[in-house]
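I am attaching a structure below and will ask some questions about it afterwards.
Order as written gives the chain letters A, B and C; numbering starts at 1 within each chain.
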Amino acid sequence: MTDATLKDTSIRRRISLPAIPVSVALAISWIVGMLLIAAFAEKIAPYGFTQLDLRNRLAAPGNAAHWLGTDELGRDILSRLLVSIRISLLIAFGATAISAIVGTTLGFLAAHFRGAVEQLVLMLTDFQASMPFLIMALAVLAFFGNSLPLLIGLMGLFGWERYARIARGLAISANAQGYAAAIRQLGATPSRIYLRHILPNIASTLIVSTTLVFPEVILMESGLSFLGLGVQPPMTSLGNMVGYGREYLTRAPWIMLAPAATIVVTTLAVSVIGDWLRDRLDPTLQ
Amino acid sequence: MGRYFAIRIGRAALTIVLVVTFAFIVLRLSGDPALMILGPEAPPEVLAAFRKAWGLDDPIWAQYFDYFGAIAKGELGRSMRDGRPAIELVLERIPATLALTLPAFAFKVALGIPAGIYAALHRGSAIDRAVMMTAVAGFTVPSFVLALLLVLVFAVQLGWLPSGGQDSWRHAILPIATLSLGGAAVLARFTRSAMLEVLGQPYIRTASAKGVPWRKVVTSHALPNAAIPTVTILGFMVGTLIAGAVVVESVFAWPGVGRLLVVAVANRDLAVVQCILLLVAMTMVTSNLIVDFLYGFLDPRLRAKGAHA
Amino acid sequence: MSPPLVEVSAISRSYAMRSGMFGRSAAVHAVDGVSLAIAKGETLGLVGESGSGKSTTGRIVLGLESPDRGEVRFQGKPMAAAETAAWRAQRARMQMIFQDPLGALDRRLPVATQIREPLDIHGLGTSAEREERVRELLRAVELTPAHGGRYPGALSGGQRQRIVLARALATEPDFLVCDEPVSALDVSIQAQVVNLLADLQARLSLTLLFISHDLRVVRQISNVVAVMYLGRIVEIGSADDLFARPAHPYTQALVSASPASGRRSAGRIVLSGDPPNPAARPNGCAFHPRCPRAIARCASEVPTLAAVGGNRQVACHLVTGAATRDAA
């Protein structure tokens, strides 16, 4: 690399640092849009998501009554898409929250008690990381059948090992460093040390992990629903819609394209935000 | 070195034990195993005999150990649908799955690793950017979407290839393409960052500063070192060959283990599900072990450390 | 004489240390049979090189670690078991000042919140009283209430150590353990912080255990000084007397190496040999491989701490041997 290009990149870096990059701004607005849709899906949907319009079956997108077209029962694709976004995001947020809480708690327990508790947690994280989650999820669904709470709970078991490892490692180093030890000798209870001091100090790293787990949960849920083993009709989710649209791939590809595009753009947006946050908040994470 | 492998083998055994435990817990939580395995239509005396034979009246710990014993003997129960031993059903599907996943694995390696190395060596070039963009796409486009897009283009629009079934080699092209594209992108991205990491090391700069030709620096210093993390992810990919086939086999109606699993889950055919769960665990554990052994030979630090033990 | 506030009797603590990744574990005796008594309002200076066990001693005396053998009594009563409610309540009575003030503070919270934290933990006073107490403490450590709104990262090293001190004093403790409190600070700041500590001690009649490797600082603040070498006390006595006439060869070497006003550094004793390694403790007197005056007996027999007149105690065959001869 020559001096000129070096100087060039360093100047560019200095200029672009304070502003949010365009890609990140777009990603954030997409996610905000998705959240708004999830919150108000039923209010903004032009039709009920199960409402039939038998005169307009398999209508192509771009028609005045149905912007994104209809499926073979004449159900409005746009309305179904909006409701699907709500369900998929509900599952993804619920699952990510569960996995973050479970993982961080186990990591803290491992760091606090060390010894046998720590070995047990490490063994479980190794196990979770070494088994393909999809297979385990399928096994659980086979044994327990299906329901929305179970699905959220099941997805909540995804990715917890990542939080557990991070929380354990950071809590051990916090305990070894001064501030946690200092708070401990002030007479603070362990819950105060972990929740009021260590947790806020490691929050940025955990948030970055969340941006890695969240898109994978969306993909996992949509994959299961696509296979007909996740969200069950009459409920609908993004993966569900794609799976349904697969039957009409030849005659009505739009049924499948709109939800598929939503999945791809949403995971992409979260990843873009995650990369950006990682650079800003946590340069130590690879 | 012996200790290193002993620890690895111990961990592999532990993973298997945990999977069996997982299956046992889930099985017990989900209801009466006699009903589960024999089906609700089984006559009461058969159920009673089954309970006695499997020791279901014994304390839970005894049952737990008996369960291990049965699995060790290969007694994995019978399919609820046709009454055949589950293990037979699963084993006869394996060739079909391998017919997709092995070529796909070869393509992933053949595409992903050279692309990653090239991108790393020509950082910032158009090809590097293309590799990175493809890699991001490989992560964000789920395999079922990719599969459907390929079907839409090559089967529906162009009509070049069949969209499903297993009648000729042409039927295998789209499933293999689906499996290899996503994996190749991930592998390329991983190889690229492993290479960049190695190229940033001081010994590489020292070697090139000492006047070693760049080609030689790359082939004899950078590549062997970047191989170590790459082997790890390759091992992981081998372990997930079956899991990865679940979605693709379903889309393309390919009669392999993955599709069998989806059908078994939908029918709650527990014996088959349990059998596939164990098969996946075995594959995963075996491939991890192979990686660990390779690691032991590839990483001189590990070798040196082993020598002291 | 009033009974001591803190009484340490024959405490020992060893750690299992593994050599290398797969090596056999060996016991490292960090502290070996240390006894101390600190009277109320007094400062005991604990001196030694790194690895001498002085920090471990400090942590045991404060109840942060429990000894394998021996006992620590505080106000005549045994220390509560660690991590119990009684132990936590007892923290309000005794506090620690750390070597690295930045590490001891939570970088994410304004320092006033951190000074207030012990009051919140122990439920002392109303919210308004706690606020007032924080302002009072900031003034006590010669900072202004405006400093309270800042974050640790925005303060200088000396200011941070004052914040740590203010936090430690919040619950009006009787006893402070200061573990190398100024060694991380600039030399120009060290004297200020030590002076502040001495002033506060006099004003609040605090009892201090002051741990340092720096003899000048210890001399400035201590009434009694104990010298540690590889987990044992080798000499203890009143500060002025001990610095004026060190009896143990190790103390002599330390004192000669530390430039002090009014004394020529001509007679400096330079120690030879390896620095002390707690994992490989020599037989006999632990100091004998480095001792310029070692005799055969030093390599085989462990000297015990014995009184040599006044309140001085020394563990050295040469000194106690001579003392018994004098007495005879």
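Structural remarks
As a working rule, a contact is a pair of C-beta atoms (placed from the backbone, for glycine too) under 8 Å apart; a residue touches a chain by one contact, two chains touch by 3 or more.
In this text, all values refer to a predicted model and were calculated from it rather than measured experimentally.
Across the assembly, the mean Cα position most removed from that of chain A is the one of C.
Among the chains in view, A has its Cα centre nearest the centre of the complete protein Cα set.
As a whole-number value, the distance joining the C-alpha centres of chain B and chain C reads 57 Å.
Mean C-alpha positions place chain A and chain C at a centre distance of 51 Å.
Centre-to-centre spacing of chain A and chain B amounts to 23 Å, using the average Cα coordinate of each chain. For chain A in complex with chain B, the residues that touch the partner chain are 123-124, 126-127, 130-132, 134-136, 138-145, 215, 219, 222-223, 226-229, 239, 242-243, 245-246, 249-250, 253, 256, 260, 263-264, 267-268, 271.
Here chain C touches chain A in the complex through residues 62, 64, 83, 88-92, 95-96, 98, 100, 102-108, 117-118, 121-122, 164, 167, going by the rule given at the top. The residues of chain B lying in touch with chain A in their complex are 11, 14-15, 18-19, 22-23, 26-27, 29-30, 136, 139-145, 148-149, 151-152, 156, 163, 239-240, 242-243, 246-247, 250-251, 261-262, 264-266, 268-270, 273-274, 276-277, 280-281, 284-285, 288.
Listed in rising order, the residues of chain A touching chain C in the complex are 177-179, 181-190, 192, 197, 200-201.
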